[in-house]
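Shared chain: chain A. Partners: chain B in the first complex, chain C in the second.
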Partner chain A sequence: MDSSVPLFDFAAVWSSRTLLLEGFGIAMFCATAAIILAMIIGLLIALMRLSNSRFLRGFAFVYTQLFRGVPLYVLVIWVYFGLAIVADINLPKIPAGIITLALLNSGYLSETFRSGILAVNIGQSEAAAAIGLTKRQIKRYIVLPQAFRIVLAPSGNQFVDAIKDTAILSIIGVPELMRMAQQQADLFYRPFEFYTTAGILYFIAVMGVTKLFSFIEKKMNRIGFTNGSQKVANVGEYI
Partner chain B sequence: MGKYDFSWRIIEEHLPELMKGLIITLQISVAGMAFALLFGLFFATLRFSQYRVLNVISNSIVQVGRSLPLFVLLFWIYYGLSLKFKINFSDFQAGAIALGITGGAYMAEVFRGGIKAIDQGQSDAAFAIGLNRMQTSRLIVLPQAIRIILPQTVNIYVGLLKGATIVSVIGVSDMIYVAQYVSLETFRPFELYSFAGVVFIALTLSVASFAWLLERQLSGKSRRG
Partner chain C sequence: MNQNSSDYLLEIKSVSKSFGELHVLKDVNLNIAKGEVVCIIGPSGSGKSTLLRCINFISPPDSGEIVFDKVSWRSYRSKFNVLANFRYEKKLPALRAEIGMVFQHFNVFPHMTTLENVSLGLQKVRKMKKDKAKEVAAQSLEQVGLSDKLQVYPDQLSGGQKQRVAIARALALNPKVMLFDEVTSALDPELVSGILDEIRRLVREGMTMIIVTHEMKFAFQVAHRIVFMDQGKIVQVGTPEEIRNTQEPRAKAFLSSILE
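Our next item is the complex of A and B:
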């Protein structure tokens, strides 16, 4: 290496800090929007899988298997380019990215929610039925609030995965952190510095979210909201 | 509608190339998994070490490994490291290492959980009948831990298999890469990516259902035994 060029030079990174932070903001926005959407869809799919209708159950099963099996790379290309080709739906980049992440995460979250709902003791629903609540009321006031506490930790993990997954959205040109880092790295010819910085930013985001969720969980435990030790594992569903 | 006429023949014509790509995908995911098992076992062992420093170091490395997106790791290793320190990994090596780091961080947790799940009484009993530390680990703890670990390990492999789809961004000629360049030649991105997607869904679902079967089988056995 030319001796006049310093080995590490983070000045370039500093000079593009606004771009990187903007990308970071967009990444966090995409992840947050996607996880909120995914929770709504995931809950619906989970309820479908637990419903009495054979058709709904079948649909929910296929939905879950499909979106848990498809790689994000393929899904994002399919949503962004595929929909445009097949159905003439031209989504802008950021919404396409959010929809992709929401679809993917809803597949995982629906399974989490389903096992969370099943983990609520059956005695709870029986007691509720005994005091005369309707089926809908039992779901709404008895089962779901308790299931919520069980699925909190795995949902936090899913949020973390969504943040990490935003990096792949750079493939379709969403101007998120990785895309910005790539562009700036090419511009300054300093890939090591830029990718290290990007890595540090992702690390901070992931740690922040992890700490936030364990804080909420602790808070709930202290109030006595927890209902036992059943936790839903979702190890291995992370890329 | 009707603007785009589908031509699935393109898949048939390029099937040999796509299959060659699929084999590279499988190879890189297996290589990544091998690294992941090594890293995972290494860092899990460190976390059980008597030295606090080693615990803290291994814990931090696992945390960092779990927090970094695979995409960032790929670029960091392939472009960052090679340019800075003149470590020239081939694209395949860089991909396998990146997969190994991500998977290894998760495997470390799986190993740790599996080893911790074994009742302390088991090792106490083993010590009592005169086995040494090494023998206790090898003959008593590990065989029981594997039963707990195996299904989760297969799940992690599924994750790596899906992760292996993005190694094409650094130029590994996997199935996605083949789909990409064939679609540039033939202007048939939809058919090619759809095919790749279907193959991956079939692949991950079959491996995942294998994990599910394994879990049922093993938990049934342990209940009886």
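Our next item is the complex of A and C:
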């Protein structure tokens, strides 16, 4: 009986392509929205960790430790079910998923941004202060633009992680790619074909993001955007 | 000097500073008159650079007072009153805007063209309109001989050219005093004289300057007064002639080791 079933059959996948692509779109939307939110929050947390106020530093430290320390699986359940129980906040599935991913990634990105800001040569801030710029102006015009260049590659990595992490959102029923693949696989008894297709779609998305970030990086190097003295683009010649 | 204190543009009054256990400056006093060129010399680690950085509070002194243009400035930091700290930090840029500073390692902004490097302060500190700022910045760069490099990023400039950008950046703001912190120490030997010529030009124009340098010949040529520092203290102050013929043992030892 079983021998009459073909080994691989992607016909079912093809017939479900609209659902899968919808799921893919939702996954990409969640990851993109989450990473944008995470960058904004992460920058604020990084600035808090570097501030003079002991209170802000403490808050930022706890924030970072918390969201880096809790598994995504638990975090998504806290945001979706926990908030509803504790605070009577009933978030729809997709916003809950985006907020979860934003919290997790902001924890990681805040550390990335903090080290990026600290990596900008202190002489830059001193020179900016010496011409009479205020602390805020020094951050805005001198330190952050240079830190941005430094954190670009690690931020791209974080984006890639966020894309793959959207799969976890299936546990609260966000209709993203993994959940769609799961449902269709169960329907057609074709788990291998559906999960492989999902895997390929994730892979393509990751490739796209990688290409996008290396394009931005190249563009910035071309305008002479270097960190202090060494030209980052040339490192490949030596290592 | 027989001027009374109100004639001084800058007064450094019993400034002390330490980094942990290390006392870098010990009760330093020095007065600078308008138009005066003062060169600070001394062995490395004697506190020359730190003294310079205390004047504009890039490295705030632990104690003591800086009187600039008859206004007194002291370090301030409260452990509890965050608002007072904030208000204090808001004031400091006004002092720094009147004091130009050039550094050993140039510290030009690598993400900006030379023109943007110079016009930034004009726009943000002197509140000039963008066009006006670019115009003034271009003039300032022309004076240091870089009028053909306005749209170039610093990584395409030589060390000497970077240092010229840094000088133009400071001068564009029309400061009342210029601080030079070993500005030729990181340059290739053949580029040193060009930068020293820029400083000589400022001497001729009557700019008030405090120059920390290891270029002894230059220091003795341009300085009205020479300050010899050692171990965080000013050991001797005098005209180049007086310092050259000093009998003070440490100054004498230092000069003979350098001048051979």
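Observations on the model:
Note that the second predicted complex is superposed on the first by the 226 of 239 C-alpha atoms of A that agree within 3 Å, B and C clash if a C-alpha of one lies under 4 Å from a C-alpha of the other, contacts with A are read in each partner's own complex, and residues count from 1 in each chain.
The definition used in the following text is that a residue touches a chain if its C-beta (ideal position, glycine included) is under 8 Å from a C-beta of that chain, and two chains touch if they have at least 3 such contacts.
Fair warning: this is a prediction, and the values are worked out from it, not measured in the lab.
Legend: residue contacts after superposition of the two complexes on their common chain; A:L109 is shown touching neither chain B nor chain C. Applying the stated contact rule after C-alpha superposition, one finds that A:L101 touches neither chain B nor chain C. Contact with chain C, but none with chain B, is seen for A:G132 once the two complexes are overlaid on the shared chain.
Looking at the shared chain after the overlay, A:S53 reaches chain C, while chain B stays out of its contact range. One of chain B and chain C touches more residues of chain A, and that partner is B. Shared-chain residue A:A162: touches no atom of chain B or chain C.
Look at A:P145: by the touch rule set out above, it reaches chain C but stays clear of chain B. In the superposed pair of complexes, A:F203 makes contact with chain B only, with no contact to chain C.
Touch criterion not met for A:L20: it reaches neither chain B nor chain C. When the two structures are aligned on the shared chain, A:I77 is found in touch with chain B, with no touch to chain C.
On chain A, the surface touched by chain B in one complex and the surface touched by chain C in the other have no residue in common. Chain C makes touch with chain A in their complex at residues 56, 58, 82, 85, 89-90, 92-94, 96-101, 103, 105, 107-111, 120-121, 124-125, 153-156, 166, 169-170, 173. For chain B in complex with chain A, the residues that touch the partner chain are 1, 3-4, 63-64, 66-73, 75-76, 79-81, 83-84, 86, 102, 106, 109-110, 152, 155-156, 158-160, 162-163, 165-166, 168-169, 176, 189-190, 193-194, 196-197, 200-202, 204-205, 208. On chain A, the positions that touch chain B within their shared complex are 1, 7, 65-66, 68-75, 77-78, 81-82, 85-88, 160, 164-168, 170-171, 178, 181-182, 185, 191-192, 195-196, 198-199, 202-203, 206-207, 233, 235-239. Contact residues of chain A toward chain C in the complex are 52-53, 121, 123-124, 126-135, 137, 141-142, 145-146, 149, 223-228, 231.
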